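Labels for the chains are A, B, C and D, by order of writing; each one numbers its residues from 1.
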Amino acid sequence: MQKDGIGKQPAIKRIKGRVAGLPAISYALGMLVLFIVIFAVGSATFLTRYNMLTIGNSAAILLAVAMGQVFAILTGGIDLSVGGIMSLVSVVLMKTLEPLGFWAYWLSLAVGIAAGFLNGLINSRFRIPSFITTLGSNGIFMSIAYMISIKPLSAPSSSFGVLDIVNGTTLGIRNIMLLGVLIFMLFFVIQRYTITGRNIMLLGSNEKMSWLSGVDIFKVRTIAFTLSGFGAALAGVMLASNLYSGYPTLGTVYILNSIASVVIGGTAMTGGAGGVLNTLVGVMVMSVINNGMNIIGIDVYAQQSFLGVLVIIAVAISFDRSKLSVIK
Amino acid sequence: MEKKKIIEFKGIRKVFPGVVALKGFDLAIYEKEILGLVGENGAGKSTLMKIMTGNYQPDGGQFLLRGQPIVLGGSMEAIEHGIGMVFQEGSILPNLTVTENLFLCHEKEFSKGWFISESAMVAEARKALEENGLDINPTTLCGNLSPAQRQMVEITRLLWLSRLYRHENPILILDEPTTVLLEKEIKTLFEILNRIKEHATVILISHRLEEIIENSDRIVVLKDGDYVTEMPGKAADIFKIEQLMVGRDMVEGYYRRNEQVDPTDTVVLEVKDLAIESILEPISFTLHKGEILALVGLIGSGKEELVKCLGGSMQATQGSIYRNGKRISIKQPKHAIAHAIGYIPIDRRIEGLATDLDIADNINMLVYKKLKSRGFINKRKERDNANHWMGVVKVKATSHRMKCGNLSGGNQQKVVLGKWLSADAEILIVDHPTRGIDVGAKDEIYHHIRQLAKQGKSMIIMCDTLEEDIGLCNRMLILKDGKKVNEVSCPPDAKPAPTDIIESIV
Amino acid sequence: GKEAAASPTTLSIAIRTLTNPYQANYKVGADMLGELEGLPVVTLTCEGSSEKQLNDVRALVAKTNGNVVFMIDPNESPNVIPLARELDAAGVYWVSWWNKPEDVKVWDYKNWVSHISFDGISAGEFTAETLFKSFGYEGKIIALQGLLSNSIAQDRFVGLQNILKKHPKVQMVAFEAADWDRTIAYEKTRNMLVAHPDIKGIWAANDNMALGALEALRAVGRAGQVLVTGVDGTTEIYEAIKKGEAAATVYNDSTYQAGIGLAIALAAKNGELDVAKMPKDQRQFFAEATNVDINNVDEIMKGASSYDFENLFASFSRPMN
Amino acid sequence: MKTKNSRSLENISTLRSKVSASAVGKLYHSIPISGQIISLGIVALIFSLGTNGQFLHISNIMTVLGLSAIPMILCLAVHQVIILGAMDLSLEGIVAITAVSAGLLLKNSVTANDVGLWIIPIVMLIGGLAGLVNGLLNTKLRMPSFISTLGMSWTLFGVAIMISKGSSIPLRDLRFQKVIISEFLGIPTVFILAILLGLVLYIMQNKTKLGKHMYAIGGNEILAKQAGVKVDRIKISIFGLTGMIYGLAGLLLVARLNSSAARYGNNLLFPAMTAVAVGGVSLSGGVGGALNAVIGTIIVVALNNGLVLMQINPYMQSAVNGIVLISAVALTIDRNKIGIIK
């Protein structure tokens, strides 16, 4: 528990010492359960099937962006362009639904992946910090979306059928949620069981060592940002199908929310620690809080504050400090 | 001559999750002595010292300073009580200048009112550096210094501090200070230490037993977090100490000479006229299958740069490299690795290890391809590979999932070695294979190097001591001022004498 | 459900934010109706996220077991589609204000009672006309657009362009998007004033931006010489009109919007309106907004003494096709 | 392709070393922000050509300087935390709460308050307290500053909305606005104020213990602690100081627009962070200082100004902004100094 050179144990740690031995993620899970209990006690409707599906739906979309985002963050970088990518993807999808039908989905995903690839290329080849790269490219993607359509695009009613493939339900569960589960499994396997995933972790924890050990850091960085673009593209597609619409500011709010979910889950902004599983918990915490506040009827003026305080409490209790030698 | 006790440990215990680092340790330290502290990697030496400086709090027992029980809150408090330490991991901040590092936390000595006088600081820094025979510009960023220079800056800081607080008898702790130093600097360091011993206590930790014996007044041996024994310095017997540390008799025969095999005739690597502008003049040599080639030369001889070119972290300005007769180009480390050339850098903590990841992640990183089954990395294979290599290099840890940052300094080195030994390199370039590693494990590593040679792997080594170079290698290249000056063959039965070699080095 | 009917129906407004006075007044209207009817009121803000708006609505439907009616100001126009489909499925009555794509028709959905909007084009036209009159229909102007993707912003801008076509001697030398934001409007205006120091007026798509532009004019010492116009009808712009620093605004009474929207939805819920039989003119229509300039500003500032939420379609101005 | 690239990188570095050997090179390297100055030069050149010299007209320069004052103050605030290696996202929340407080405490049309000049210490106190909480959460509860400050931002923004009921509060006291829009020797007073703040911070960073220790923490927190740096205390002070400066900026925003609202805090964070990065402050800590913050802000503000002057279509502005941003940084970032590019 003790860190190099860090003398006293903070109070939180001492309390935690008593339940030590549990894997760190269990605190986050415990936190999640606690919130669920509080909201369930606060309102009888919180645990209804309808509301669970609502939470699941919004969590699935946030999960897709955050899954991508976490790869950018694991390398020690950040992806501020997920919002722009989501928006662009949504516009492309709406624009091409009618002529292309289901193929529009593939086209939209390809656009998002290409956007992520571009980020990775600029970041690694020209050695420009990802903060600047993706901040800049976010603007570029938004402008492209504006060029495609200035007006918000809505799905033509003729293509509701195609949209309902993503937006419909299977055996009473929203397809978007099923998609969320698939995306989670995919990213989980990539992080844990592929060499690329391992190399991303290595790069995040010691870049120079990775380079000296023969890791192709250009390639790995590019892949990480491409994955981030892929996650954002998936989220864009899900959201656009969900809202039957696409417009150039659709994804903006997901930039900060995706980063927040990643960090709440316990992934360090410095890279190399945390990952996909943590992010799942972070996303669930965010989604449950957001929904629960409405369900138990927190005054709207107070909601923003309530969210802030809850997030602080959640992280204070559940953040896994044992993996990090410094908390920045 | 009765010396006064200045420090006393009584039953000091320190427990980390899963490890008892110190098991009720008792020791007294006296005024005006150089105390040598030796023990295996992970024996608890650094932990004990960090308790002395207040960086760790003991979980039990008592720490008496000048007869008084005391609890220190951190380095700064320790310094005020006259205890200063040079840490094994180094504590120089790369983004600050030499001056800023030297006087970090003591800027008030140079303040006029609220403001610090930069010029006074630089002047004092220059003086302090000169006193220790260092030719370093006080305004350079420490990130640009060599590891040796950084270490000397730290020692300078310590010496300056001990003077600042004017304690009757300051206590200076040096945790493996010589691992990154050059011969000349080591000599200067010990001259200084022997001089200040007149009014100070010096605690010295090192795995180079020769220098411990030569310079200590008293040697204390630790094993598994416990005090084993102590003996007077100068007369101590190196074999006895080794035996005490390791707990068994060391295999006779230095450097496993008896296991040395003759290389085959197959040339696996040929270097032709390789040169680096203003560092290395065109050099040519060959490396055979199963051969151990030692590169010997002083700093500035160009040997470090030469191997960096082979490893891909530096670029030669001319010349060519042939691998199995085919010309290859190495622009980046990954190219070298693609040609089965592995380079183990000397600055292992920074360049070799991901301290926030666990042992298995570090050991396995080069061989993930072999750990896959059905396209995905297999957890069981991962565990087995990590455990195998941890055994070979004798890493002392609770499990293969222990975070590398929590390992002792020597064990971190071993992890890096294990990682590279496990890699399928046909040619291994090892910059100081046994640096910071205890005698028991050293022997194991010699054995392993011999095994690799027997399997037909070739190696280029640069060792801690000339004796080690001579003992390990089949052949030796001697470099001087960027030129190859000599080539000496070292068969097991006719090793040259170090004195003969030194002539061509200097 | 059946037991749910025993508990009172919740009145809910789903709007964008409470951080600007126009939007904040929605809440006032909703609370007013709530008090009148003795029903609970819930305000949902989405802070610019369409997805949050949809989910918040869903969450409230879940919480109330469907015993709820909505007045919704959709975050973006196409969002009415999922809202309409969702609320149809849940059998919840609702009324939307402002945003709707033209090709989406209210009468294709059974629980979407009405869509009401103020005519953005005519608002843009009125403010432009009044602004141009202030400098005699000859000279240069600059313009501040709202959030670019927003259709109301685009409508108002179309209104401005219509009037520009009418008066060829008025020239729009530059326009910028200031995202409805006062600070951004200030900065964009300061920058545009460097390139075009000789302008005669500033047209803004809402009051907030107009007030930002006004402070920018003050900073260069030209407040009062160059007039600004906005849309929304806030107290601050009225004062500026009275001081001769602003030319005009259009008052959209969001208090009334919220109250009447909820009243219509509630009437449908209570069976007082038979949605299927309502004429198309009541299903989607433009409501009357109040054009404000120096002539009527004092009267408008006194405010509505009371609101009439009984006469559901009193504000009807013209049909929307 | 790969080899070609590494060669071009190599060429750049040999070019760099050749440049640094020359006299010009020495000068280049002796000025810590020379890269950024060149970047500003390039931006100025492009826009002067694009606007027939209007960009470099004195009135435009003064406009740019005047407009850069508030972002500069914010950037000067946030860059301090970045030097520590931490992150501060509470900017928007703290500005919102101080702006609303200023609106309600100065003579206004909603309440009967009028604290006059006392408002200056009051907003700094409010901001400072919020900053202290940031620091305490980060050091004592060991929470990553990224999330603790984000949580603080949401919390304070919510409080600001609650106490202002979401509406804007017009001021009835014109004195502050007068000061803000006044000029001294033809230079906008706010800009002078911002520069003075920059100077104070510059001296603090280079001439005081607090400053030196700040950099030590940014370099490596563990080692700094080992050397005896009181890490927690310094982090808390810096977070507090940063909060105080936010408070000041909140007041200036209110004064400039002569009214206050919670949403005045919106859209301020990213420009400030961009200025930090463009100015050459390493986002991983320990490198860069007040000078970098100042020049970074001027570049960013000049960029926005140029886009408007050149009448780039608003729909395209974010793209042009993005491209120019990336190119400016690509040309000038000192990759050796920043070290690893993340």
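As a convention for this text, contacts are C-beta pairs under 8 Å (C-beta built on N, C-alpha and C of every residue); 3 or more make two chains touch, one makes a residue touch a chain.
Keep in mind the model is a prediction, meaning the values are calculated, not measured.
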Of A-B and A-D, whichever chain pair has more C-beta contact pairs: A-D
Inter-centroid spacing, chain C versus chain B (mean Cα positions, whole Å): 72
Chain B and chain D: spacing of chain centres that average the CA atoms, whole Å: 43
Chain centre separation in whole Å, for chain D relative to chain A (CA means): 27
Multi-chain contact residues (two or more partners), chain D: 161, 165-166, 223, 225-226, 315, 317
Chain A, residues touching no fewer than two other chains: 4-5, 146, 150, 208, 301, 303-304, 325
Touching two or more other chains - residue numbers and ranges from chain B: 55, 74-75, 332
Full enumeration of touching chain pairs: A-B, A-C, A-D, B-D, C-D
Complex contacts: residues of chain B adjacent to chain A: 16-17, 54-57, 73-75, 89, 311, 313, 332-334, 336-338, 343, 345, 350-357, 361, 365-366, 368-369, 372, 376-377, 403, 405, 419
In the complex, chain D residues that touch chain C: 51, 54, 57, 59-60, 63, 66-67, 109, 161, 165-168, 170, 177, 180-181, 253, 256-259, 261-264, 266-268, 304-305, 308-309, 311, 314-315, 317
In the complex, chain D residues that touch chain B: 3, 6-7, 10, 203, 206-209, 212-213, 215-216, 218-220, 223-230, 286-287, 339
Contact set on chain C toward chain D in their complex: 17-21, 23-24, 145, 148, 174-177, 179, 181-184, 186-188, 190-195, 197, 208, 211-212, 215, 218-219, 234-236, 239
Interface residues, chain A side, partner chain D - complex: 3-6, 10, 12-13, 75-77, 122-123, 125-133, 135-140, 142-144, 146-147, 150, 207-208, 218, 256, 259-260, 263-264, 268-271, 301-309, 311-312, 315-316, 319, 321, 325-328
